[in-house]
Amino acid sequence: MKENAVYYNDYLQLQQLLNSQHPESFKEGNTPAHDEMLFIIIHQSYELWFKQILFEVNAAIDVLNQPSINDNTPALQTVVHRLNRVITILKVLVHQIDIMETMTPMDFLDFRDLLRPASGFQSWQFKTLEAKLGLPYNERYGKEYYTSQLKQPEIDIIKQAEEEKSLLYVVNKWLERMPYFENTAHWEEFVHQGESTPDLHPYWSTYRHCYSHSLAEAERNNLQAFNNIFIQGQTTGQLSAKASRAALFIMLYRGYPLLHLPFELINNLLEIDEQMSTWRYRHMNMVHRMIGTRIGTGGSSGKDYLRAALDKHYIFKEFAALTSFLIERSKLPALPNALINNLGFNI
Amino acid sequence: MKENAVYYNDYLQLQQLLNSQHPESFKEGNTPAHDEMLFIIIHQSYELWFKQILFEVNAAIDVLNQPSINDNTPALQTVVHRLNRVITILKVLVHQIDIMETMTPMDFLDFRDLLRPASGFQSWQFKTLEAKLGLPYNERYGKEYYTSQLKQPEIDIIKQAEEEKSLLYVVNKWLERMPYFENTAHWEEFVHQGESTPDLHPYWSTYRHCYSHSLAEAERNNLQAFNNIFIQGQTTGQLSAKASRAALFIMLYRGYPLLHLPFELINNLLEIDEQMSTWRYRHMNMVHRMIGTRIGTGGSSGKDYLRAALDKHYIFKEFAALTSFLIERSKLPALPNALINNLGFNI
Amino acid sequence: MKENAVYYNDYLQLQQLLNSQHPESFKEGNTPAHDEMLFIIIHQSYELWFKQILFEVNAAIDVLNQPSINDNTPALQTVVHRLNRVITILKVLVHQIDIMETMTPMDFLDFRDLLRPASGFQSWQFKTLEAKLGLPYNERYGKEYYTSQLKQPEIDIIKQAEEEKSLLYVVNKWLERMPYFENTAHWEEFVHQGESTPDLHPYWSTYRHCYSHSLAEAERNNLQAFNNIFIQGQTTGQLSAKASRAALFIMLYRGYPLLHLPFELINNLLEIDEQMSTWRYRHMNMVHRMIGTRIGTGGSSGKDYLRAALDKHYIFKEFAALTSFLIERSKLPALPNALINNLGFNI
Amino acid sequence: MKENAVYYNDYLQLQQLLNSQHPESFKEGNTPAHDEMLFIIIHQSYELWFKQILFEVNAAIDVLNQPSINDNTPALQTVVHRLNRVITILKVLVHQIDIMETMTPMDFLDFRDLLRPASGFQSWQFKTLEAKLGLPYNERYGKEYYTSQLKQPEIDIIKQAEEEKSLLYVVNKWLERMPYFENTAHWEEFVHQGESTPDLHPYWSTYRHCYSHSLAEAERNNLQAFNNIFIQGQTTGQLSAKASRAALFIMLYRGYPLLHLPFELINNLLEIDEQMSTWRYRHMNMVHRMIGTRIGTGGSSGKDYLRAALDKHYIFKEFAALTSFLIERSKLPALPNALINNLGFNI
């Protein structure tokens, strides 16, 4: 073959990649523990994929961070496509836990002590990913603890990510720019239902009316939560009322062609949370099965941290909460034709 | 074709099977909700598989319930094979949640009210399965509540199952029959380590010694739990100390050919719990995504019950707990040759 | 509970459903073969899901069969959503083969002879599904053979399906209605490249130019195939040249918001073919592993039929073939703004 | 933290690992193609896992290559465990194709030309793996072709692997050592059926009798194939008649405790072939979907090679073929008690 041609082995830097596994137990003076090789390679595989996920998430943020997205370009489809890939990767990462589970507790104990205090808890790429998705420092379980085992260069990377715009941040801003309710001409023929409220767009007093009638007796409490956001305009978490309204509107009328991509974007956020939560759940079970009440290499009982992170680290939970405010498809307020015909978000 | 030949359509009773879907919303006076068909068929598919799982679990119980299992027959392999199939089915049932997730909340709300108070909580086959596996009535979350929505014939079926021998019961009995420690001739050349304890088999005082040395400083508390079971002989849950000792011994020496099937049996129990727990977890998330804080057809907020059942309904948790008492493979006490050569459980 | 309330057990017709399993080997005079229960239940589960898939495919055909689909309604999104569900179900059906594989050849042989000549080959729902998707009679492997083992009522159902409009038929018609190239005003500012061809829309002579330049030396043959369809206007299989042009245009400009749903529709067809082919492949391997060179209950060596069907029964292969006519994203002819601003297919 | 402590980032060599991605299209003068990063990382992930699979396969070969395996040690269980892990990894590698499928043909074309002639066909680790499992040079599709695109150092690695003992080789030797038929005392009470054959162990003439009666009319040809191996003693492929007999015996009496691990070993070989074949199948479909009839970076139409390799590169096909020689479980010749009681292969 030609000497200057691209060669698989070099292109993928296999020389370097396949010489990056140096089990502690294989070093002189120790007893080789066969399974330490697996331990290294599975973690390396995770880190490679974390790099790819970060690459996709950053690309998605860059697109959404433009002052306005022109809906006459493929910009939004690109964002949805990037996040779809993230979800596909996360599903494989969940599956990959099956491989870790082929390591028995006794085989793990054979090299555990050699690794202290290194642990998966030191994966700065994973913490960076959480930050870039939108997990703020003050919602982390254990706050300072989460960087306590890292060295300064890795802490800096995470802190840097926390200061940059997150996916959640740019999605919120993008939702706020949605002009569904602004052009009064679009709404002239809208059929109002129920009581109107001063200073409130007629759509929302109508929808409150429909929502209220859709609630079963035992669900009446939901109305207060609804009012807080959609009538009073409260911010929930990192989601402004304006963004909440746009998001709920998108969820309700997702069937309209121009709302399909926006809906997929929101749905992808929920799917990312679900896959990350499934990963945390299976990881927690795997750790429990591996070490029981013994402690991991990081010096803590992994299960407790993982359980707490599982419950607390839902990043897009405000979007998930909007589900409670949906109603029957058959009871949806009809949109006026003028709006339907102009259902573009950037016209 | 011959008239008396078996015919696929009749053999599978497809006439009957494919005419068992009668959506409420399709009935006169209602508005047909397309997704109700899916709702029916997925539940029917679950119930078909629950029947198959019960068929396998009952077959496994029957084998183990024999006064003694002859290890010179394929009996134990049959049990392991049956439970392997149960696990394979459970994995598909977990995957099947993906199908349910294609139903959006708004499509569900379109027929939810027509179904009250029917709900998956009335699946008497699932509750029967929990009972046959070994979940006792008094460990159920919500106790009486769990049958409150059922009619008497279905309650009777569950109560009957609770009175019969469960898989956990017969496994405990089978473990108690294991004769590893009974033939003193087998143990004559065993090298004792550490302090011996009167009336305690030398293996266990030795293993306590090894276990104690294997514990990190932060794990010292584990020794008390170890002593309770393996030295003092306490029963934990439905697992007697004798059975716990046999089970831990099997887990420690699983590599020996005759201990391989017993180990697979124990491992299958853990895998069943893990798959059922994964199912509960994904089911809970799916319900949450479907109805949020609204209530299900059964009249309750499904998520709370499901969360509680998730945490509480681990059936084989005493086996899972044994993991905490394992040590490094390289530090295992060597078994005497006389025992190794006779490592049959029925000699 | 109230007597007239909907009750899970009745709603799902469990009485009937769970009493539809009557293994031949359990009948008097035969030796019960434990695994025949599994054999029945897995086939019943497949048939339940085939019913659901047919329900979804028929619903999708009904929408697309309307004289025109109004893009200002959720109609197209409904079609995409229905087909997405079909794909999700097919993935579970592929996974379900894992369950069948827990049946060993020896356990199958224990009841095989009792079932003759019944076989999965008699699944009239599956053949109906192939027909409704668009597999024409004259492209079936074995033609008459494929109904030779069925009784008249089931043959009638399949023949009826073959006469009705298939999904492929209505998609072809829907693509032909796409007005991308008809409004000359939209194309006034289009920058033509390469030689123009009389009576040919400037877009296609331009794209031929780009495509030709994109081909590597070894790919020059592709140009003839391209010319046949896009320049000469040949029909390929059941796909007219007009529909082929619309489909390729959609694949090329999928990023534009209004082309996103049409692209997803085409992509779903390919995904359905891929899942059905994966199912056939795994099914074939499973049969081979189960019976080797012995014959199945249907009297034939299942593997040969399955292999032939695998190669021949791709229903949407003309869409798959369009992939060969794509070019680099960066080399795409730019669309004129007038078109972009009106990229609706029903204006 | 302590300076000399093990640190996650260093232990996993993340500095090096995460700096091994240098997309050609990102280099000066080229237009960055976003998806090339994915292309690199997924191939790197595959190569990492190939390293791990080779590590496990080599470890399994080392154990089986011992002159005799003592069945009173965990040796065989270790082999089974290693191969189980290989299967689990292969399943994830199959799943990983989902990630590759998120790359569209147009995105691939954007950097394809920059990579020539590098291609996955140059994965020397994969070819080494095929060789170590047991694929001989002269059964490769395309023979010389398979190394034609490699440089000498990588060719040497593969050639070296072809000269070493493969998994198939050591399994064949291990099966030949099985002493089931050698101790005449074990067989004294065996009930012979059918005609006996001079110089043939009575078990095999009996089993031929049972097998012959188990065949349906259309299966009579199978008897010749049976006679060739089990009566005449022909070698098939790399499997000697002696090994074939031991393997079939293990498959028939797998339920006996001491035959369970040997059966699992054989079954794992079949499972490895099935997963590799599923990988090839999905990979082929993916390539077809990506490039259609255009050519890959390696200069060939990938699909043809992949299809041929799919059909030809079954490594353990002689084991798969044994399935054709099984009979109903209920018709199995009963083993004499003396044998059952001594069913150890190394006593």
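Every chain is named by a letter (A, B, C and D) in the order it is written, and numbering of its residues begins at 1.
Here is the rule we go by: a residue touches a chain if its C-beta (ideal position, glycine included) is under 8 Å from a C-beta of that chain, and two chains touch if they have at least 3 such contacts.
Predicted model only: the values in this text are computed from it and were never measured.
Just one of A-B, B-D or B-C has an interface built like that of A-D, with over half of its contact pairs in common by residue number: B-C. Among the other chains, the CA centroid farthest from that of chain D is the one of A. In this assembly, the C-alpha centroid of chain A lies 32 Å from the C-alpha centroid of chain C.
The set of chain D residues that touch two or more partner chains is empty.
For chain B in complex with chain A, the touching residues are 31, 105-107, 109-110, 113, 214-216, 218-219, 222, 225, 252, 270, 274, 277-278, 281-282, 285, 288-295, 299, 320-330, 332. Residue ranges of chain A in contact with chain D, taken from their complex: 1-2, 5-9, 11-14, 16-18, 20-22, 24, 34, 37-38, 40-41, 43-45, 47-49, 51-52, 55, 59, 81, 84-85, 88-89, 91-92, 95-96, 98-99, 102, 114-120, 122-125, 149, 151, 154. By the touch criterion stated above, chain D contacts chain B in their complex at residues 71-74, 76-78, 253-258, 260-261, 337, 340-341, 343.
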